[in-house]
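Going in written order, the chains are labelled A, B, C and D, and every chain counts its residues from 1.
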Amino acid sequence: MKVLIAYYSKSGTTKEMAEIIVSVLKEEGLEVRLSSVEKVSSKELLEFDGIIIGSPTYYGSLAYQVKKLLDESVSFHGSLEGKLGGAFTSSANIGGGNETTLLSILEAMLIHGMIIQGDSRGDHYGPVAVGKVDKKAENNCRRFAKRFSQLLKRLR
Amino acid sequence: MKVLIAYYSKSGTTKEMAEIIVSVLKEEGLEVRLSSVEKVSSKELLEFDGIIIGSPTYYGSLAYQVKKLLDESVSFHGSLEGKLGGAFTSSANIGGGNETTLLSILEAMLIHGMIIQGDSRGDHYGPVAVGKVDKKAENNCRRFAKRFSQLLKRLR
Amino acid sequence: MKVLIAYYSKSGTTKEMAEIIVSVLKEEGLEVRLSSVEKVSSKELLEFDGIIIGSPTYYGSLAYQVKKLLDESVSFHGSLEGKLGGAFTSSANIGGGNETTLLSILEAMLIHGMIIQGDSRGDHYGPVAVGKVDKKAENNCRRFAKRFSQLLKRLR
Amino acid sequence: MKVLIAYYSKSGTTKEMAEIIVSVLKEEGLEVRLSSVEKVSSKELLEFDGIIIGSPTYYGSLAYQVKKLLDESVSFHGSLEGKLGGAFTSSANIGGGNETTLLSILEAMLIHGMIIQGDSRGDHYGPVAVGKVDKKAENNCRRFAKRFSQLLKRLR
């Protein structure tokens, strides 16, 4: 089972979250590709069973570099049906748009016919780091990656 | 595998959608309980593998009768983890709040740790009837129920 | 100019936020009614130039007691056109649904044809208290009330 | 009073909506600039009292070309405070992401501290064209532009 983690990161915070998630996915025995979103072509999305997208919180939704990849994926519309998706974000403030950013990614995944899961504890829509990746954010990233792996195996 | 369809309906449109969904779920061999949301206690949610909630579109989110059930489910917070969820709505107008209504239900399901799936064709976030249940809405209900059944079996 | 602050509060946190907002609105010379949402009839909404609604974050949207008031306001649909609206919330966690709760209130206000304003600093969609009303939440409530007053006077 | 209408359009539908809105704003005596979003620099946003943004519905949120402009406007964060904003969209389907697209634009405007208004009739969050600009969509564009003009004058 193959998972893609595609992220955009300017300050390095979102990248740091991506790396934590990758380390847990590997511990769980999954084949993982970690890549900056600019180096992923929309066609490559087809190769993976799970797709996790990370973006900083910019004006309440995903960074345009991430949206570009999603917009271009329209060429393969319908081909991501049934794949597992997830999202994470870093933001400057609490209440600063992080939830709507996660939802902008998750909504795109739903429109692709993908499957997503929330979490009854911690960050419900996906891991959030406010300011920097503190212990709480790290734990939420680890927890998210573990749950993602388990569901991917269950869907197999 | 057991599925609950809980709906609130004043004019009968949402109920009509519920009945179409139920008929397909039964064709797919699932055990189904169809009930008005007022007759479901939050504790009963625990008994089902899949939960589908229908609400009219009232001011851009779920009817308060539906929200009451969800608010009361906090007593069992964590117990719906990993169950499959879905939502449908009827609304008076296009662009009249139907998408945000579906998302208000799906977000509650994510906060419960539930699993949801979108659809790359038709109504992406869940079936929508505008005004009445026309042929298109009926087809979207049938398609939704079929996909829900398939994913439930895959998750088993 | 008259403003209504209607809130639902179980633990007291949302009520505490409401009281801070009221104190600033009064300092600004506005006539204010503070009331638990259960004691407000939908018809009373018509009497005010500004309406501020506070709700705890329950499953990513407004408490059902608050939604009940909004659902019942359909009898006066169209009559709130051009009034100024605002929202605030208390939640248990960061990333725990507080933004989507604020938006569930603001979306209802937009559907009523009301006017809303965000904030480029602090809590963008409305004041948020996480856990309790700490100094930061208090400042955000005060800042929100001051901005609300200023816009209300400008709209006059 | 000056208003900017910035849009992205591939098929021409969003542009057609933009032109209808512009014609009404001019009838209302406003100074208007109509421009493709690619030809607007984020700095230019500062020159206008009102900003209206149009985008096709791509995967439930604004086109990346529109998001690019908003992301770049961070250099002037805080400078759009108190300006009036509005949004419109064209989409392929009902329930196909048009509401969440409008909200992705409106949320960005709120984060900029801007003022927005909904509509109790027609398209609540902003004009929507499904497929093509039919009579209903044209009327909603005209109605939206008229209301925008009136509020802009009231805010003056």
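Going forward, a residue touches a chain if its C-beta (ideal position, glycine included) is under 8 Å from a C-beta of that chain, and two chains touch if they have at least 3 such contacts.
Just so you know, these numbers come straight off a predicted model, no measurement behind them.
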Most remote chain w.r.t. Chain A, using mean C-alpha positions, is C
How would the chain C/chain D interface be labelled, same or different, where same requires over half of its residue numbers to be shared?
same
Cα centroid separation, chain A vs chain D, in Å, comes to 29
Dist(centroid_CA(chain A), centroid_CA(chain B)) in Å evaluates to 25
Sequence positions of chain C contacting 2 or more other chains
60, 96-97, 100, 103, 107, 110-112, 124-125
Please give the residue numbers of chain A that touch chain D in the complex, ascending.
58-65, 67-68, 70-71, 73-74, 96-97, 100, 103-104, 107-108, 110-112
Chain C-facing residues of chain D, complex:
77-78, 80-82, 103, 107, 109-121, 124-125, 151, 154-155
Chain A residues touching chain C in their complex are 60, 93-100, 102-103, 122-125, 128, 130
